[in-house]
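Heads up, the next two complexes both have chain A, just with different partners, chain B and then chain C.
Moving on, here comes the complex of A and B:
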């Protein structure tokens, strides 16, 4: 008698899970279906990734956008990761009574600051400064976009880092303290190894957000279709390309190229997930 | 680690913390300093009387009211759609899924969490076009399509926060109800979920903020620069974030730019209020849970 509602409950929790997975797969299927004409014409999906963009001569390759996306996202992670690790150490490890709590509050509030506001302020505050400092171009470049993006993705990382530091059982830390470990040692040898999973999850989400963010790159990176030579060059990301070509006529091959961008972004996301999961399982094996 | 290393670690953490706080204050300060002049009733309601607008008696022209209502409806619809699905999936993942199934489900939700919002928007748009061509000519990109797309965008936040906070409960909390003869479902509903409420709610907070601020999904799925209040869920609508984006690239006069600053401040206030509201609810629920036990 008890068994029936138990089984029903399990099914009730399973159903939404299955639906969510089906749609996750469905998203890729849909883009594959709609991008097919361009892939058939280009011969191969990989060709499309390596080709340059020259609609005049019938080339709709998305290589410049891939380079743009990767450079902006990785540069923003370079800025944001140390900053976030530092902040989460200050919140969880140093644990300053007043500033630590204040910082946690600010970071939590930051998750509520809209992306478009970072973009808006970036256009009118950061871009002119970058233009003045480097005396080159319009100031809309990879550097401007990465700097703003770093601010955007920091809270994601900090909240995940601190959350996972705080979830390490208190007795572990107390054991280390009893052995005479300082706060720094406790963090480095006890908290960090135990909280690896959360740190990685934070990095995945932050990297994914940097790669997947549209507005900041769209508003601050200049959107020129070219392979950037330096961080002061303008670049177009895969995401901005989808947003910019959108207005075009949707039977054209130029429009179909946004599905190639969509698929690439999807595959990049999958790769990121695979890499992080591989790391996590190896980490688990060592324990 | 020697004493110098220890000092460096702490110094570095202080520098990071102060840098981040000053950057945020600089950004928000710039916005307020430049845009505070624009904040008045005229910015929101234009030439219409506020009461008439709020009671939906008259349309608002040249004001942000329709965009604000659009954003509000989006958040309510999307989080309303995503929360039950996300909670159920999170509970399934933490409490039922095992072995291979668990690995596969985890993998797909990691992908869902990492898919860029614009790809979800693109899919929403494609579905709308597909339905328009094959099913009904009345379906265009609209409020419903946007909400559905957005709910998928925020689903991983809710799933993960539910799962992580359930999984990180200590073993003795997990076993007490079972040892007293409680069933699995009773254990989940009366012990594990209440114990993880703060984590679950922190996920919901992230989800709410994400819905209100997202521009990429809605710019592909039905938001427009001028539409007035949406007449139904199948109509196009305005939204604050899109208005801000639109102004930043299309402004034609300093006055128009000023409304962009005004809209940014309002969006910021809305997002902060939502956040504080969620925080108050969270505190209250935690309080209630504490006193039930």
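Moving on, here comes the complex of A and C:
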């Protein structure tokens, strides 16, 4: 009796699953296909990743952009992680209930703010400050972009962190309290060790978002194609590169290079997820 | 009873969202004795235990009035006094819950946690105390070869003894036990009963129980709470001493 609808439901849900897997693989294939001329001409794909960018001499390497993307994304995580952890502890561990609810609402609202708004705020408020404080360059640099990006990705992390803190069974907290744990100790010895998976997931999703975001870096990082020497240098990310080249050109090999950028982004994101999964499963073995 | 008083409550009232649970409870508990607290469900037995280590304070809507004093170092202290340290109270008043609540970490780490929370870092002292606590809780022989295994892998009865060991490691003067055997089978339950009887030498035990036969076996004093017309009635039963 129940079997038939159950089977039908299984088939029904299999369809979107297959479609989404096919799209994921299809996009990678599409980028590979369109980037092929460049890969053949420039030799190995790996060379392309390691070469610098000099279209005049026929070099279409995207190494500077990879460095730009990685440094901006990782620096934004460095800024956003402590901020998000503190904020989520305030929301679900130490803060007053009403204040926590209010703060959570604000954070949820933040997730809905369009990226371009953050970009504007960055251009008019953050960049001039950075320029004044450090007295170097235009203020459009890795630091400005990562600071603004940190604000953009924090809500994702905060919501994941609070969610995982809230899911730690109440009885664990009660056990720790009954043993004389202060609020801080309860968090450090019980809540955090139980919730680390959620923390990790939030960190990875936020990292993916930082890596994939285009507008903030485009508006605030200065977009110079160079290997940055400090956080006050201008840099171009893979995503900005795609946007900038796409807007200017359609036929050249330069245009084809953006598919290599797309592939690199794709691979970086995949590596991030695989790395996290590895960590996840290794620790599961210990339990 | 000729033993000295350890705990006294005076006009204790307790309510959840203005719904009274305990009304005007004035009681005394004696040193090195096991007092069973009995009564129908919902009469406030578990709540009463929680007033003695202030564990109810995180529960929303809970309110308490009255006075609770416990004798530490020869004199009575109001445990709700502002100057009284909460972690210190919780270390002196251990608690074992109805459902065993080991934390998701190894057996060793579970038992050692209270020491860690109290700021003890000396590793050899910790190992020694963990072994002592496990021996007192009759668990050492069963787990000595797998201290690094997860505590969640133990059976229900073993988990409950682990929780007792964890509560004992700080050598509390008072032990609150909330229906410690209700989630266990008969054999595991009788081990716990025997254990509680052996612990009486060192601490004052207050045990909530539903089972009259259990109460008859282990209790020195029985306090029965009942709730009629929003009034907590208390009946004292003195267990006749065996001849």
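The rule we apply is simple: the second predicted complex is superposed on the first by the 282 of 287 C-alpha atoms of A that agree within 3 Å, B and C clash if a C-alpha of one lies under 4 Å from a C-alpha of the other, contacts with A are read in each partner's own complex, and residues count from 1 in each chain.
To be clear about the criterion, a contact is a pair of C-beta atoms (placed from the backbone, for glycine too) under 8 Å apart; a residue touches a chain by one contact, two chains touch by 3 or more.
A quick note: this is a predicted structure, and the numbers were derived from the prediction, not measured.
By the touch criterion defined above, A:171 lies against chain C but remains apart from chain B after alignment on the C-alpha atoms of chain A.
Of the two partner chains placed by the overlay, neither chain B nor chain C lies in contact with A:134. In the superposed model, A:255 makes contact with neither chain B nor chain C. Number of chain A residues touched is higher for B, counting chain B against chain C. Looking at the shared chain after the overlay, A:63 reaches neither chain B nor chain C.
Judged by the touch definition given at the top, the superposed model places A:85 against chain B, while chain C stays out of reach. Within the superposed three-chain model, A:185 lies in touch with chain B and with chain C [touch as defined at top]. Once the two complexes are overlaid on chain A, the chain A residues touched by chain B in the first and by chain C in the second are 182, 185. Interface residues of chain A facing chain C in the complex, by the touch rule stated above, are 97, 171-172, 174-182, 185, 189-190, 193-194, 287. The residues of chain C lying in touch with chain A in their complex are 53, 55, 58, 60, 86-91, 94-95, 97, 99, 101-105, 113-114, 116-118, 150, 163, 166-167, 170. Of all residues in chain B, only 1, 5-6, 9-10, 12-17, 19-21, 23-24, 26-28, 30-31, 34, 84-86, 88-89, 91-93, 95-97, 105-120, 122-123, 125-127, 129, 152, 155, 159-160, 164, 168, 170, 183-185, 199, 202, 205-206, 209, 212-216, 219-220, 241-242, 244-245, 248-249, 260, 264, 267-268, 271-272, 274-275 touch chain A in the complex they form. Against chain B, in their complex, chain A makes its touches with residues 2, 5-6, 9-10, 12-17, 19-21, 23-27, 30-31, 34, 82-87, 89-91, 93-94, 99, 102-103, 106-121, 123-125, 151, 154, 159, 163, 167, 169, 182-185, 187-188, 198, 201, 204-205, 208, 211-215, 219, 238-239, 242-243, 246, 250, 258-259, 262, 265-266, 269-270, 272-273, 276-277.
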